[in-house]
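After this come two complexes, each holding chain A, first together with chain B and then together with chain C.
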Partner chain A sequence: MRRLPVYLLLDTSGSMFGEPIEAVKNGVQVLVSTLRSDPYALETAYLSVITFNSSAQQVTPLIELSAFQQPNFEASGCTALGEALALLANKVDTEVVKTTVDVKGDWKPLVFIMTDGEPTDDLNKGIAEFKKRKFGMVVACAAGQGANTDTLKKITECVVQLDTADSATIKAFFKWVSASVSTGSQKVEDAGVEVTGLSELPPPPPEVNIVV
Partner chain B sequence: MDMLYEKIHNILTTMQIECTEAEVTDFANFALRKLWNQYDKECMDQRVIIENQVKDLQIAIPNGTVGKEYETLFKIPTDLVDDFWLEGLENSGLTCTITEDNTCQIMGVPTNAGTFDILLSYKYKGWIDGKPILQRKFTIAINPDPRTLWKDIPTLENIEYYQPDRDHIYIKVEAINGMPQKDIVAASQRGRSHAHEGNPRDDHFRVEYLDDCGWYLMAVADGAGSAKYSRKGSALACDTAIDHCKIFFADSKKLSDFEEYITTYNSESSDEYRKLLGDSIHQLIGNAAFKSYKAIEAEASVKGIPIKNYATTLLLAVCKKFDFGWFVASFWVGDGAMCIYDKERQYFKLLGTPDEGEFAGQTRFLTMPEIFRDATSFYGRLKFSIEQDFTALMLMTDGVSDPMFETDANLNKIEKWNELYDSITHEVELEDDNTESQYQLLKWLDFWSQGNHDDRTIAILY
Partner chain C sequence: MDGSIVEFIDEVRGSGAMKDVYFSPDGSYVVGFFRKPQDANSKDRLQNITGVYREHIFNRVGGEYWKNLFCWPEKLVEWNGKLGIVCPTYQKYFFFSSGPFKGKEKEGKWFASAHLRNKFLPADQKGNWLTHFHMCIQIARAVKRLHAAGLAHSDLSYKNVLVDPVTGRAAVIDCDGLVVPGKYPPDVVGTPDFIAPEVLQTKNLPLTDPNRKLPSIQTDRHALAVLIYMYLLYRHPLRGGKVNDLDPAKDEELTMGSKALFIEHPTDKSNRPKVNQLRPSELPQGDVSKLPYTICGPYLKELFDRAFIDGLHDPSKRPVAYEWETALVKTTDLMQPCQNPGCEAHWFVFDNTTKPRCPFCGKEYRGQLPVLNLYYSLRKGVFKPENYRLMVYDKQSLYMWHVNRFIEPNERTKPEDKKPVGDFHFHNGKWILINRKLSSLYDKDEDKKIEIGQYVELTEGKKILLSTEDGGRLIIVQLVNN
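Let's turn to the complex of A and B:
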């Protein structure tokens, strides 16, 4: 079966401490429980969580939704987004199945990045690794005013911004991510095609602004 | 004075401490209070240490699925906890047993989906009556049974190009001179992903047996999921192709020439007859495919929309039993599979190659003009074959071939064809004249395969 890998790259730097990090944890939980009741996603979507602060770590290796266990993470340190992208590239190499004559490979991974600040490491190095791999949709989310959308535009065309990083807004973002994964799963199952642009995703809620 | 205070008074007196009765009472209260606080603090320290240790215990509770047997074990060290029990498990339909050595087994068949908060309550080591019962919270996630999540919403009958959500047929060919003749059974089932949205079935088939000349005609088509009117595309493809073949066979000159070329080619196999036969096949099957394309093009132009809205595959086969064996001619564009299979001889022959591209969703469709533009590739799609006999000639859409074969490479493995045939015959009695088998085949098409919920269509000549 062809899986639809979904990678979440979540900022757990010190500035996320308190309400934002709790909202992110809650968001992941809501995301997973919502997708579990969607038959397309439950059978097709596989989920991995990579967090980044002073370094990047994969807290949940790519796993089917039904077996996903809520990871625990705390907010501290700075914002190694570059390292997170390099780690993502590395994990895609090992976790995503490529198509060969004998095996039908996975669909191209969907990636959702969420950060609330400027990267503190060498972002370009990470981007270079990241760009060498093939991805489906990559959405970068600037949570609050501390994140620079121009920086995120270097990673992907699809950048969204949250006005504030409060729990209601973060929750709205995760709901939209969940709806997007549902859409992506349905598209690959129904029509055998991947989502390629923001226009094919469900319209984002008012809290989530598309950055043009 | 109470006995206790009198005793304390005596002790104090022997210690040569002079005090009044009120002082003794006050002292006793003071001393006991102080000691109790000290005792209580020590107990609490002990408790907090254990509580933290229990909190840090790695207890991995795997997720379950409704209706699926569940079992997990975890152990709490006996040097931390004397006794424990779980609360909140009953909502999930699971139960637990805890043994003397503090091993907890959670088991059962979950009945409800959701994330359940479970409270582990325990008497810590050294607990005595009056001390608090400590608790640790964890959750257990139960997934819904994916099968129950798929809705089955009937397609609205007033939509354009409505076609029923399922279809099936049995073509019984009477025995000739006591010799049983091959029959055709075919079925088509709307995929779960379409049923879930109330969307129509895009697959189509058409099969016929021509009584007067003994030819079997079979067509199966899969309308592209991404094309709006592909259900009409697949229907037009099958119907036009079969109708064309019927017209061809109704022409006695064409029919007799064709059969003569086949018979002569079989005995001589000369270049001349190969060419005559090839031209005839082109007239029959090649034109059938081309007419199908034209019919779809005409429909699209009436609607004033691009033909790609009707994108469909087409697998077409015609065959007849001659005294020297079976002649089969075919045309194939798009994915799916078409194959002659002989179980006894462990033989199979694919009637072409599926058009699956390197990446998903890159299959070719009948509705692409380039299919007919390039003569070499078009001729490559026409095949013919002469077989002594076979168990089954099967045409199927990718809704069947994808879950069964997974990759194109597997279409070339006899084991895979054996598996498919065994899977079918396990539920479908492919006996001569068994008209019931159409319903069995329709039911078989409901087989469960994770992530594979496309429309499924199969036609079998056996």
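Let's turn to the complex of A and C:
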């Protein structure tokens, strides 16, 4: 059975302190509990969380939904998005099973990135590593007005923006992520057509703006 | 749009791929509005589905029977410029009544995957193997009815079939995409665990290309075979270990399309599942050497061969829904309760050996096992075997469709024929058949009539005539001793 790896890259820099970080934690929790009652996601989806502030760390290694435990993280420091992308590339190498002539590997991973500010490290170095790997859909979300959507466009074509980084908006974003993972796990299960672009996903809620 | 007024609560309660669903005030029906405007052809199709096709199936003699096997759109409505359909609410037993998924629909996927069954489903929601046969019989019967009306469902999948293994019931839903060959083309290519190989293989050709294959009655037959295989064996018949391309998406398309190969193909073993690559939760069902499809008995084996070997790439060879229905019903007559009280399957199909054992838990059957071979009368006094057997277990019932070959167990069975006419018991170390209703039951060895209320003992080689009427069958008893 091919697995569908899903990586969440979450900004835990100081600017996320307070309501935003709590909303993100809550969002992850709701995401997991929603997917746990979806038979398609339970069959195929595996989830990992990478957080980034002054450095990047994988707080939850790629694991099946039923065994996922809510990670704890606090907001502080700056925004090492470049390092987070390099870490993602590294984890994909070790955690995602590659298809060989003898083994059916995993589906290409889905990636959801959420950040509220400009990267403070060398983003291009991270992007270079990131681009060497194959991904399914990559969605970058600019939470609030502090994040630069042009910067995120360098990572992926699928960029969405939240007008504000309050709890209701962040909650809506995670709800959409969970619907996207559901759709993604049905598509790979069924059609063998992997989700690669925003047009394939369920329509985002009004709080999430697609940046074109 | 028939002039009547339909009330609903203005709050979206669910969203599918094409529709937003609203509930009625009393909860007895739902209204689904298409998000996108429907063209004249779709509108005409929906009008026929809620009109003439519905009347043909449900408003005829015996129409009531089908109401439990389908969730069929009843009315076409228009609201704020959007077209919508009114459907009855699903029956209560199609929702989880307890456990972690309480209140959620029993989408078929839950019950068709070894991983989900072994890891997540509460034991009291799993039913037993016999109830899965009953579910499959209902699905085959519903599909048979659609096809008899010249309609193709076009998107049969575990998403569009609700099942309840607890009671052994099933219903086909999402009937608004029905395809009428030559009249309404399909909306979708289908749900690809169930898309027929020829459809997947030609999906990139233009719709007008004569080589393009679209969902049809023949592709429904493929989907039906996959559904039955998955509900009985909890794995996909084409998802094996063979890698057809290093790119996962391409590999998938080939595996389900042009290179589709039955995982249990008798000679080409290249797509056998690789057990060492399966998750522990996918076992033992994922191991075809432990639980081969032949555990489903001889009638189904033949049909699976035709569906996944001969007919996989040759649609005209696929078994029709009626054949599945008949084979499933006949197979339930071969079933034995497992003597292991802890066995999850509870039932198994007699494997025609002298040492029958349950393939699921390995428990060997202990004791005497009567097998009744059924013969039909060609002309008076001449009986022919008909490849039909009935396994006997304690407190089992005998029905008219065993007694007379002109009576079939299906939607047309008369209520009086659904009542048992006799029953089998293991009594004081002997197997007996007690006559409850049969007016001409004979022990042919002694040429003695068995009156109602009397019994006849089942011994090796015993010949029992069930009825002297036209179509009446003769039984010859075989006793398996273990």
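The rule we apply is simple: the second predicted complex is superposed on the first by the 212 of 212 C-alpha atoms of A that agree within 3 Å, B and C clash if a C-alpha of one lies under 4 Å from a C-alpha of the other, contacts with A are read in each partner's own complex, and residues count from 1 in each chain.
Heads up, the rule we're going with is that a residue touches a chain if its C-beta (ideal position, glycine included) is under 8 Å from a C-beta of that chain, and two chains touch if they have at least 3 such contacts.
Fair warning: this is a prediction, and the values are worked out from it, not measured in the lab.
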| item | value |
| --- | --- |
| Side-by-side fit of chain B and chain C on chain A, or clash | clash |
| Contacts of A:154 with chain B and chain C, given as first, second, both or neither | neither |
| Greater chain A contact set [chain C / chain B] | B |
| Touching partner for A:106 - first (chain B), second (chain C), both, neither | second |
| Partner chain in contact with A:39 - chain B first, chain C second, else both or neither | both |
| Touched partner set for A:133, first chain B, second chain C, both or neither | neither |
| Contacts of A:69 with chain B and chain C, given as first, second, both or neither | first |
| Partner chain in contact with A:1 - chain B first, chain C second, else both or neither | both |
| Shared chain A contacts, counted only where both chain B and chain C touch the same residue | 1-2, 36-37, 39-40, 42-43, 66, 99, 101-104, 107, 188-194 |
| Interfacial residue positions of chain B with respect to chain A in the complex | 60, 62-63, 65, 113-115, 139, 141, 143-144, 146, 149-150, 192-194, 196-197, 224-226, 358-361, 406-410, 449-454 |
| Parts of chain A lying in touch with chain B, wherever the complex brings them together | 1-3, 29, 33, 36-40, 42-44, 65-70, 99, 101-104, 107, 186, 188-194 |
| Chain C to chain A touching residues, read off their complex | 100-101, 104, 107, 109-110, 113, 115-116, 119-120, 157, 191-193, 239, 241, 243, 246-249, 251-253, 255-256, 274, 277-279, 282 |
| Residue numbers on chain A that touch chain C, as the complex places them | 1-2, 36-37, 39-40, 42-43, 66, 99-108, 188-194 |
